[in-house]
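Taking it in order: structure first as structure tokens, then the write-up.
When the chains are written out, they are named A, B, C and D in that same order, and each has its own residue count from 1.
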Amino acid sequence: MDSLLKCIDVWKSFGGFDALRGVNIEVYGGEIVGLIGPNGAGKTTLLNLINGVLKPTKGKIVFNGHVINGKKPHNVCKLGIGRVFQIPRPFFEMSCVENVVTALLFNITHSKHSVEEKAIELLEFVGITDPSATPDAITLQDKRRLEMARALATNPRLILADEYMAGLNPSEVKDALKLFKRVKEELGITILWVEHVMHAIMGLADRVIVLDHGVKIAEGKPSEIVKHKKVIEAYLGG
Amino acid sequence: MIEVLIDGILFGLQLALLAVGLVLIFGLGGVLNLAHGEFVIITGITAGMLSSLGVNILISITTGVLLAGVAGVAMDRTLLRPVYKLSGEMEILVGLFLTLGLAAAIDGVIAYLFPGLHFSINVPVEAISFFGLAFRPSSLIAGLVAVISLLLLLFFLRNTTTGKAIRAILQNQTGARLCGINVDNIRTLVFLLGGIMAGLAGVAQGLSSSVDPGAGLELTSLALIVSVVGGVRSVYGAIIAGLLLGIVNAVVSYLVGTYLALIILLVVVIGVVLFKPSGLFARSV
Amino acid sequence: MEAILSVERLQAGYRGLNILWDVDIEVKEREVVSVIGPNGAGKTTLLKAIFGLIESKEGEIKFNGVRINDLKPHKRVDIGLTYVPSERELFPELTVEENLELGAYTKRARNNKDNLLEQVFEFFPRLKERKDQLAGTLSGGEQQMLAIARALMSAPRLLLLDEPSTGLAPIVTLSIYEKLKELTSELSILIAEQNVHQAFAISDRIYILENGRTVASGKPSELSEDSLIKSAYFGVSE
Amino acid sequence: MWKLKRPGSRLSSSPVVLLIVFVILAIIPSLLKNPYQLRVLTIIAIFIAFTYAANIIFGESRQLFLCMSAISGIAAYTSAILSIELGLNPWLTILIGIAFSTAVGSLLSYVSVSRGLGVIFVAIVTLAFTLIFENTILGLRSITMGETGLVVPTLWWPLEGLFGRRLASYYVILAYSAIVALIYFMLIHSKFGMALKAIRSDNVSAEVIGIDVTKHQVMAVALGSSILGMGGSLYAYYQGMASPGVFSPLMDITIFLMLILGGFGAPIGPIVGAVFIILIQELTRGLGQLTMTFFGGLLVVLILIFREGIASIFDKVATYVYYSKRS
């Protein structure tokens, strides 16, 4: 397997505080990789570095053969990385379908009519039934779905998902897991996934990477990670 | 040249008086008060009118200054109420437009009622000379008024519990809530203080030259310049920046002319915003 | 023993994002209660809602038998509730002593300020040594002590503590927890904690929060580190 | 345009309504009795264009530029000075002036967007710029004639032979503001307009779905600035002079009033706003300085209770009429 994303010795400091201290990770095409760790481990910071919302203090990030550290988010997006935020950030002034249409328009050249059809198709794929609804009128679950649809509309090879399950109830979590599986299997998109809801990640991730205090402390299959001594210590407190 | 310096310091003190209020109000209320210069005008007009009616000059001045403070409280309790319910960009925009509208409204009324009026305070004492330099007594008093008010303000902020609460809110609003500080009440107090300090700036200006009732927006811009250079949330910064800019303004005006001096100050402001937005002397009291 | 705090069917969260779902919690006089759970479970949200920094949408919060849902935070301090967030929220450019002085801002505490200050200094001698230093220049552990000390200055009856161990070396955490134990002769404490070992060592009772719901509760001896906790963290039962 | 619309609800956005309004504006002069009325109408036409510019810069792109007067003044003064000093054709100097104000506006926007300045700092920087402009004009007395203002050469207005000077200048200016309205209408229905809408909703989200935020923000100001520049030059040639009294902060306040009164999103808003404010200004001339009070008070009232603008009232009435007819 080829590596799709590679972070090499990535550091990030805010003022005097080192949020990430020399992280090395690799993600292969077609995988779902879970990124876990206690509060303040640096998970979201790592996602922000990968898609260019933040610039690393040191280190190199390579995506699909391109060095992307320091590139702006819109350029990183064009190279094929989509982002799903933890607290959904839809365009509140637009309807669901307009949200997705905007993302489509800035990534692929379509005629406007086919764009709208494609957007509705994507919304159906993620499970939103009323494309004309405005984002403040829909449930949290639908907001997350909308985030996903908008990310898919950018035609990504990799999606960075941040705590997708937070605040969802058990049956909604089940739906979300199904969606992730379909994104991976039907669309062939790789997912790097920060999550707190552990049983969700354990059932679906091909591989899990564990961060603690800005350092990678473990990596492996979910079943191995659960038994990993350092991980248990990081979570339960030594 | 020394006269120029002294003029600069005097002007700088007035700027500082104006800017501290602006800084405190912005820090606690989240409103960049574009009507701040109007406090000066209110004081000037009131004191001028009362004294022309034969009221004792001290009483006239005190009434003027207090009225500016009352105007501040009234703004906080009525006009700006809706602003505090908003957040982020909307809070700032609505605050800007409301205070701008208020400033325009006040300017209009004043220009209509008192066309061409200039308020100044005459002190009937002859010039005093120190070390061979002649001082106008009114300028001396103006300087004294400004210095004493600023020192009192600093003393209040440093040594009283309420003063410390104000500094605490400037540094960390959530932290202040955790201590049980009623942020709303303290904010009203700060509007009172801001109005009074600006009113005192008006008194100082009336003593050293005169207050032009049409200069509200100009005074506000000056206060803005000073507070930006000092760091928008720093009382100390505002005082130091006020003095510095006052002196620079006087010296440059003397050397190359008034217009260029003001332009240089404005360029400095833009430079500060772009390269050191926290201000040159940022340190909250 | 009387319940000093009782939370019933509490729902709370942010715009369009409910974090807590029907949470029930009780703290009795002079009791130490811990809420544990993975991050994202809603521990911080719970404390913020109890203190009034987040509006509660449903349910009831009673302090000393009185409903306080609609009380503003500063009023809650007045009646004896206090909160130490994990961010500490100190005043970095005020001295240690000034920070403490502001802790006793409410009328009730202000009259008794000197006594309180003496007690607090006795309790944290380290702070007395540094009383003229700016709070921003303290070390992490000292800042945590100061945050707790500042809260104590309000003469509280219930102390809400959010992850006192955040960002601290284990040995510092230990000393802080030892201090906390001494406190319980005079007041009740509700702690949100990720560090399970610490929580077990200090608490009279424990609640386990998962995905915004209380999933278990009991004395540490009843719970211990059994499969229940592991399931909360890792989603596997052995 | 993807929004499912309720019939009648977007009357203020309809291109037909826009067209009708401009046709009316073109017919009105034949009903007017004296040059004064035509003059007021001409100034309305200029301010319509200014308000569209403000709607692009602030309404669509949320950049609080408190220097619209300065940007349009730069073009007016550049053009005036070049045609006086070098004897160039005024129309040519107008183009140079526009290029100048576009460059200045874009630079201000680029700097503030790329430094990530918040609203308040953008406001301060642009306000400082306005004051710099004002003081430069006043200070460079030898070139600009200071407060008195600069008398500009006569401009040859197209169709002068046909309509006469006054009417010709009105039609040229009206045509200019109609084109500006058309540009605005096309803008909000274009990909560019969607980008601006996305950016003002959430600029981080816009970035991560591939929108170059800096580029679009700067382009919006560039477009707005060229409109302001053109309008400022036409204004100066129409008046026969460029003076600091015209291009003063008061002009910024007036434009914002028009924008807020008319309402942001609606294409017809700027027209409604400009007509109302200029008419009020003319009708209250007798009040002297109290006009300022009136406008200040109006701004406060609008902001407090009426943030959607007057154009939204038309929509509400239209919707009401539509539904009451059907039932």
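Methods note: a residue touches a chain if its C-beta (ideal position, glycine included) is under 8 Å from a C-beta of that chain, and two chains touch if they have at least 3 such contacts.
All figures in this text were calculated on a predicted structure; none of them were measured in a lab.
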{"item": "Reaching subunit D from subunit A through chains that touch each other, fewest steps", "value": "1"}
{"item": "Longest centre-to-centre distance from subunit A, chain (CA-based)", "value": "B"}
{"item": "By number of C-beta contact pairs, the top two chains", "value": "B-D"}
{"item": "Where subunit B and subunit C are represented by their mean Cα positions, the distance between them in whole Å", "value": "42"}
{"item": "Rounded Å distance, subunit B centre to subunit D centre (Cα mean)", "value": "33"}
{"item": "Interchain centroid distance [CA atoms averaged], subunit A/subunit B, Å", "value": "50"}
{"item": "Mean-CA-position distance for subunit D and subunit C (Å)", "value": "55"}
{"item": "Subunit A, residues touching no fewer than two other chains", "value": "none"}
{"item": "Chain contact topology (line, ring, star, complete or other)", "value": "ring"}
{"item": "Pairs of chains in contact (touch as defined earlier), listed by label", "value": "A-C, A-D, B-C, B-D"}
{"item": "Subunit D residues touching subunit A - in the complex, by the definition given at the top", "value": "2-4, 191, 194-195, 197-198, 200-202, 204-213"}
{"item": "Interfacial residue positions of subunit C with respect to subunit A in the complex", "value": "13-14, 16-19, 21, 38-41, 163, 165-167, 170, 194-198, 211-212, 225, 229, 231, 233-236"}
{"item": "Subunit B contact footprint on subunit D (complex, rising order)", "value": "62, 64, 111, 115, 117-121, 123-125, 127-129, 131-132, 135-136, 138-139, 249, 253, 256, 260, 287-300, 303-304"}
{"item": "Touch list for subunit C against partner subunit B, complex", "value": "51, 53, 72-74, 77-78, 82-85, 89-94, 98, 101-103, 105-106, 109-110, 150-151, 154"}
{"item": "Interfacial residue positions of subunit A with respect to subunit C in the complex", "value": "38-40, 87-88, 136, 140, 143, 163, 166-170, 196-203, 226, 235-238"}
